[in-house]
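Right after this note come the structures.
One chain, subunit A, appears in both complexes that follow, with subunit B as partner in the first and subunit C in the second.
And then the complex of A and B:
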């Protein structure tokens, strides 16, 4: 068994398995739910296998086609990729279970192939070490995400999907333009080779600007977030969960990876700008969330705010190094769990009452206790209360800020938590009161309630798992490029 | 010699100015139909530009996909929009036009969005001028390994061997696009194609010719410009022509048989990838002695799938839609 774990090419399985699953679901739509769940289980086990392999051997390299870089494409996995793959498989599994109860027959026939294409794109993106290949995965990711948003049909979803499509395509084009400039200058698309050769020049600055702008647009960092709330709020709830938890994280991961590998040595000074945008995202997203009257819009704006936190690490990393990156990764995975759970809970409310107007939530705490508990637990992590994954992330981030005397950022970190508490208690408060106009209710399948609750509990559980997850993250020292810069500084 | 280079400069200059002019006209043309025709003209001129840049493979792809199929897709969307307007009565359209005109006539927002675009254009211009005129590129590495690739056309070697993994994912993107469009549940067009004798004759004459051209492009791809994407789009164009002439896939073939044709390219690619993984321990690592055959099989199946996908994209609605209702 141990041998089997260490000899299977798990990374390759992670890319091909969901792709095969998508094709099979497309060809024989009769048993899509079973086929899909088996695929997800397989992907989950493969991540475990890859984790065991990485713990034993360090980083993973695979030269596709037997061609070494720069001619061929390399697959690459370290702790950073592993954690992203892991959170994707985990959230994906729970959302899939939820989806089997959420969608009717025709909808699930449409949902599964698209979702498995999305999963293929996510896994391929986390495993790629080649700039052009990364572009192809971004295309696959963007297109499947847009198609999933459009599944809901109707004016709002189609409008949201169209806006999303245009933003996503523009982001991909900017990224591709930057890749072309890098390829022209260095004659290679391989990340490792580029990271050795890259040095500051007007062309590289241009590439940095284009690539970062493209990825920021896809990550929906303020002020490029305009497409996110309509797309995430109008999609079907399990799809909103996937988009908010995983898809925006994928472009963030890529941005982080490229900055660490390529751009850090030449652009430490621009990191401050990302920090400022992050601060504005926290404040703007939270204030907008406070103003919303519908649960899903509120949760979508909360995503805008939480994305801001991820960018606070950029100005802090210069002095705090690994702590800042650990903080940001912890926030990213906690947010993935909590936000997926929250959108699923919102889906339950919608199914139950037929609406998600906050003011008419009508004593849901008594009538749908599991769902309200899921919402509250996810909220605990988003606010950053102990003991939760969000708390660990914010604690590490605060530590990094205070270490360098960045009181301004520390204040924003705390203020963001307070604002999150305000908008989330607004929802929870109405869940306890009686609405003036009672509405007709529909039963919510048990599976949908438990899936949301378990994921939300996962976000809390993360608060205890730091000693387990931080060493995983350190495999292959993905944040090393940065610590060496730090040594030079000190 | 002198006169020749002057002539070339003149041609290049005309192409460059023409491209900018057509792009500008296409963007700002108030009539949708005219804008689409201008866009197709832009694609054709772009093809010439690629020829002048000595990139015949890109030129072929541009003319077949950029100008041809994209143009056909845009025109068919235009026709659908027109039918939609006709059904709803012109009142709605007029109202929309008035509204959109009111919206676009806010010069402040025009300038607000124009500023970052202009800044970017200046920055890009500066960045491009800083580039060394000769790219280091990978052409030497490609040339050195060409013998082991199984084909003698370097473009095909890169697409189907050195970077075959990219192509695998690209074919997945194409299939995904179709599945995404099918999931929108577009109703099949109510208007039956009127029997046009000229179109009918044209389809009868051109279809065999297009089949032949497609087969040739597929075959020639191994050692000259051509290959699966070009062959597939020519074959897809034959499908579009047949659809225009009123031909529809028999319902017995519109279910699983069609779906299998759509995925056969991607499935073969995956099967080969897995086989090579089991055999040689590396994804898509072809043994040099058999690479030629493997690439031919991959390209043939990919051509079929690409053609089927492109023709299905043109049709828009699922061919087996009627039996579902």
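And then the complex of A and C:
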């Protein structure tokens, strides 16, 4: 068994399994729920297998088809990829269980192939070490995500999907242009080769600008967030959960990876700019969330604000190195769990009352206690109260800010938490009171309530797992290039 | 001016033209066309890269262009289908910003 765990090419399995699953679901739509769940379970086990391999051997390399770089394409996995793959598989599993109860027959036949294609693209993105391959995975990710948004079919969803598609394609083309410029300068697409050779020059600056702009557009950092709230709020709830928890994180992961591998020697002033945009995103997203009258819109704007937190690490990492990156990864995975749970809870509210108007949430705390508990627990992590995963992330981030005397950023970190508390308590407050217009109610399947609650508890549980997850992140020292560069500079 | 430089300049020009058209036109078909023109601009730049050596053309950018065309075709097909769906539902092939209350 031990041998089997260590000889299986898990990275290849992680890409092929959901791809085959998607095609099978498309061809035999009869047992689509079972097929999908089996695929998800397989993907989850493969991540565990890859984790065991990484713990044993360090970094994972695989030259696809036996062709080595510079001609061939490399798959690569270290702690950073492993954590992203793990959170994807975990959130994906819960959302899938939720989806089996949420969708009717026809909808689930449409949902499963697209979701498994999305999972293929996510896994491939986390494992690729080749710039052009990354472009292809980005496009796959964008197309399947947009198709999932469009499934809801109404006017709002179609408009949201179209806006998302245009933004996503523009982002991909900017990325591709940047890739072309890098290839022009260095004659290679392999990340490892590029990171050895890269140095500041006008062309590299241009490439950095184009690639970052494309990825920021896809990550929806303020002021490029315009497409996110309509798309995420109008999609079906399990799909909103996937988009907010995973898809946005994928382009952020890519930005982080490229930043660490390629752009750190030349990134000083730009990192400051990203930090400023992050601050604006926190403030603007939170204020917009406060203004919303519908639960899903509010949760979507909260995503805009939480994305801002991820970008605070860029200016802080110049001085705090690994602490800032650990903080940002912790925030990213806690947000993935909490936000998926929150969108699932919002889906339950929608199913129960037939609407998600905040002012008309009629005594849901008594009538739908599990869902409201899920919403509240997810909220605890988003606000950053102890002992949640969000708390650990924000704590590490604060530590990094205070270490360098960045009081301005520290104030924003705390203020963002206060604002999050304000908009989330707005929803919870209405959930406890009686509404003026009682609405007809439909029962919510038990599976949907428990899936949301368990995922939200996961976000809390993350607060206790830091000693387990931080060493995983450190496999292959993805953040090391950065700290050694600091030593040289200081 | 060599052919490669000419290709690259034309490519950059097409890309900028596409960005401009994407921003100012409201009709979705024009936006989709603009994205296609931007894509062609990038492909032109890649082709210029393939031809910049005197001796033998570099095969890697050509492979990238072929893959890129496949991606662009599928993205365009999908965007057009979505556009038809929108015009069937709203009667206009444009994005409208009014929120449903």
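We adopt the following convention: the second predicted complex is superposed on the first by the 490 of 490 C-alpha atoms of A that agree within 3 Å, B and C clash if a C-alpha of one lies under 4 Å from a C-alpha of the other, contacts with A are read in each partner's own complex, and residues count from 1 in each chain.
One rule holds for everything that comes next: a residue touches a chain if its C-beta (ideal position, glycine included) is under 8 Å from a C-beta of that chain, and two chains touch if they have at least 3 such contacts.
If you're wondering where the values come from, they're calculated on a predicted model, not measured in any experiment.
When subunit A is checked against subunit B and against subunit C, the one touching more of its residues turns out to be B.
Of the two partner chains placed by the overlay, only subunit B lies in contact with A:110; subunit C stays clear of it. Judged by the touch definition given at the top, the superposed model places A:124 against subunit B, while subunit C stays out of reach.
Of the two partner chains placed around the shared chain by superposition, neither subunit B nor subunit C is touched by A:464. Once the two complexes are overlaid on the shared chain, A:139 sits against subunit B and subunit C alike. In the superposed model, A:184 makes contact with both subunit B and subunit C. In the superposed pair of complexes, A:150 makes contact with subunit B and with subunit C alike. Of the two partner chains placed around the shared chain by superposition, subunit C is the only one that A:169 touches, whereas subunit B remains out of contact. In the overlay built on the shared chain, the residue A:64 is in contact with subunit B alone; subunit C does not reach it.
Comparing which residues of subunit A touch subunit B with which touch subunit C, the overlap comprises 71, 132, 136, 139, 143, 146-147, 150, 177, 183-184, 187. Against subunit A, in their complex, subunit B makes its touches with residues 123-124, 126-127, 130-132, 135-138, 141-142, 145, 161-166, 169-170, 172-173, 176-177, 179-180, 182-185, 256, 259-260, 263, 266-267, 270, 273-274, 277, 280-286.
Against subunit A, the residues of subunit C that register as touching in their complex are 15, 19, 22, 28, 31, 35, 38-39, 42, 45-46, 49, 58, 60-61, 64, 67-68, 71, 74-75, 78-79, 82-83, 85-86, 89-90, 95-96, 99-100.
Within the complex formed with subunit C, the subunit A residues making contact are 71, 132, 136, 139, 143, 146-147, 150, 154-156, 158-159, 161-163, 165-166, 169-170, 173, 176-177, 180, 183-184, 187, 189. Within the complex formed with subunit B, the residues of subunit A that make contact are 9, 12, 16, 19-20, 23, 26-27, 62-67, 70-73, 75, 110, 113-114, 117, 120, 124, 132-133, 136-137, 139-140, 143-144, 146-147, 150-151, 153, 177, 181, 183-188, 201-203, 205-207, 209.
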